[in-house]
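Shown next, in structure tokens, is the structure this report addresses.
When the chains are written out, they are named A, B and C in that same order, and each has its own residue count from 1.
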């Protein structure tokens, strides 16, 4: 009830902004166990939306619904709808490959392929047929690495294996890899949890820059991070969306007692 | 003669059991008499340990003596000592001597348990050394006989000679008794058949592994995987039979229709069947290494919008390459050492040809044909088999070590 | 852009489908081959399980059997029973009175028929010899040519010159069939006899017994040695260079081609120790060296999977190291070790090449009774028959393969059961 009210509020407030994603009555099950309960959520274009909540509340689950990475898990089933630009991504006609080309993802643990830095970035464009000649690839690799803020550090060793970079560099490589496909949305699942504060700061800054071009959804356990990088914040608890609104509002004036407790660190 | 072995085994067992119970009884008796005298004395070890101690003392001398006697018997012992009865008498008397020596030492403070524990650990150690001795024995016997072979035939003739006809060496007094031992055509034949086998086994094994690990439903997997493994469990003589009596005639008829000259024993028939036999060797190890590639890489690739096959071709296979290479090396070593299929289906003639439809011969076939039947241990013909065996040994060992090295390196990477 | 993308995607999906199909085809090929091979062998084996018999009215004439009329069993046992059968055949077809005809006629029955007849009649020393002078209708084995004809391996359509039975012989067979004097029965002898030069008399009992003796030796040696070695490596040895060296050694041993073990057996057991050729003892020794690595490796794995807490518990209540191992660790690891031993035995049972080299390839018509008798084993028997020219041996060896596979299935099934039953997740 509260959810829908809040949602309508936002619709009015942000009428200039377009909703990129719209989740309606989303239920997700792992086998018989329900992990998400009736989620209704709009994600605005060119904004950073952060998902927060205690461990196991279903943040990753929701995130993985957004590019259908849950399809990889056999026992996972989804009910309800998620619309991307008005189209339900769980429709039969939707092609996951094309969907994922539009919706990139960055994982909690950096997972560069055991290939060269160059090949890591060029991989996506190559499989999507975005490369006709070598110079295309060079260009994409360079601009992507630049956007990811990694170019200066690796431009002399593009042929070195991506697994040889530091953790923070690896994560930026994964971001570069994701944006090389030129997606519309980037999903990030605790992208900084394996990184030190400096690397984290670099990535946060990067997120800020990236939101000019991409819609970003980020899962994080750090309240400060959510406050710093996001415009919208959604708080989840036990698989339900408890509160969703402008980040400022959530952090300064939460409507819900549970949210209040969580952000002030009383549990979770 | 035939029953002596059985009798000796039986007698030794009886002796051992007697020794054990003798020891137990003595220990109990000693304990009783001593506790009767004073309650202070504590018996160090349980009676069972004393029994075991006596049994060990009974077993070891007779075993040592028996092995020495067996070893020396054919060449070094006088006639009367080399008889079966003499061996039996030696065995029993050594055992009884040991028994009497040991049972005398039973006393309250005697640490039988320590002795038994030490003996036990020694037995374990010796057992584990058997494997080492076996390897050692293989190497020594091969090297020794090979050296003898090379004192009769030059190394360069063996390795580079084109002509192979060992059968000439019928009688030692003949002038041309040495035959000719140019093994190139044998090596070439081995290579040809192995190549055919690998051409079949690698793609099929690899694709099977990929399907099993990435596409198959769990249900399909639980059925198909053991079925596939059966291929590796079927005795090779069965494959040989199938190759020689079904595949080869089929291929000959088929070639006849097409106007091809296919001999009834051909490298193709043997290689094909061997390839099928090798499939599980490639597929199961490849399956393991593909499975070992972390899931995060699959997710990373899928999140970029790669199809499954793209992920497999561009991410998983390159990542699993070292493991796959080593599985292929192991399978190759299997193929090279395989005997029965080639003996039954590939032929004996040492043809130097690259035509897979002709009969060729292999190292293993030659070893077998040189040694089955009459054996005269000094003839170059017999010794040649050992030289070939040595080549085979080095080759398979090398492949195996290389494969293990690669796979270990790979393990380090993901552990 | 979008259009180009989806056309490209379409192609990618086609590639995806093709790739998946290749995978499925690969598995289907392998399994298809397996199915084809096994069904071919099974089909070919069927004729070996039946044998054609001919009914003859034989006259046990004293003139042939007991020439000097002493009624001495030993004497009679040496008499020419085959002649009695021949005479019965001639009596059955009185029209065949030329030398040539008689020669063809006697080829209808097995050349071993007389031998078996005498064995059946004179089984015990105290047989009563009243049958002499009487006559009786008995069934004797047909020759393997007749058998093949009945099983449709020899066709009437073929020209007489290229046929192993001539028209006259076929005529006789037809008349026997018409009189109900020709019958096909289950071939129990295949399981009762050892090898023979005549296919209708060849059986696998000798090879099965040889395999049994050989495997018994293999098991008795490799199981304790393997388990002890594994105990040493897992429980006693300190991790380090020497232990690694032994471990590597064992792995390499497992990769040595079996034929090299044959060479070792030849050089060591036959040449240096002078043991007897063709004996299950030597065969078992060679195979146990071959099986040892399998047993060691599986037992080590089983010992490794016993959690340290069990050892600590036992040591904690004051058990010695040996007691800990023998009372607590080994019993828990036993199913694993047994599984390894069975798998090793199954491999040893199918092994051929090394046994050929130590002479187990000889033609042996007697069933071995102990480990020093010359013997052969099942796979070698198959190989020997594969080398024989007679057509009838082909079905014999297919049947022998079935028997071999039967034993293998039983053994592997046992291993699977053991594993299932005792598999424990700590």
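To be clear about the criterion, a contact is a pair of C-beta atoms (placed from the backbone, for glycine too) under 8 Å apart; a residue touches a chain by one contact, two chains touch by 3 or more.
This one's a predicted model, so the numbers in the text were calculated from it and none came from an experiment.
More inter-chain C-beta contacts link the pair B-C than the other of B-C and A-C. With centres computed from CA atoms alone, B is the chain lying nearest the middle of all the protein shown.
Separating the centre of chain A from that of chain B, both taken as means of CA atoms, is a distance of 55 Å. Rounded to whole angstrom, the centroid-to-centroid distance between chain B and chain C, based on C-alpha atoms, equals 21 Å.
Per-chain Cα centroids separate chain A from chain C by 65 Å. Across the assembly, chain C contributes residues 12-13 that each touch 2 or more other chains. Among all residues of chain A, those that touch two or more other chains are 97-98, 101, 127-128. In chain B, the positions touching at least two other chains are 307, 310. Interface residues of chain A, counted against chain B in their complex, comprise 67, 69, 72, 96-101, 104-105, 107, 109, 111-115, 123-124, 126-128, 174, 177-178, 181.
Taken together, the chain C residues at the contact with chain B in this complex read 12-13, 15-16, 19-20, 22-27, 29-31, 33-34, 37, 40-41, 224-226, 228-233, 235-237, 245-246, 248-253, 255-264, 266-268, 271-274, 281, 289, 292-293, 296, 320-322, 346-347, 349-353, 356-357, 359, 361, 370-373, 379-380, 382-383, 386, 394, 397-398, 401, 404-405, 408, 412.
Across the complex, chain B meets chain C through its residues 1-3, 5-6, 70-71, 73-74, 113, 116-117, 120-121, 123-132, 134-135, 137-138, 141-142, 144-145, 203-208, 210-212, 214-215, 224, 227-228, 230-231, 233-242, 244-246, 276, 279, 283, 307-310, 312-313, 330, 333, 336-340, 343-344, 364, 367-368, 371-372, 375, 377, 385-386, 389, 392-393, 396-397, 400-401, 404. Taken together, the chain B residues at the contact with chain A in this complex read 294, 296-307, 310, 314-315, 318-319, 413.
Every residue of chain A that touches chain C in the complex is listed here, in rising order: 95, 97-98, 101, 127-129.
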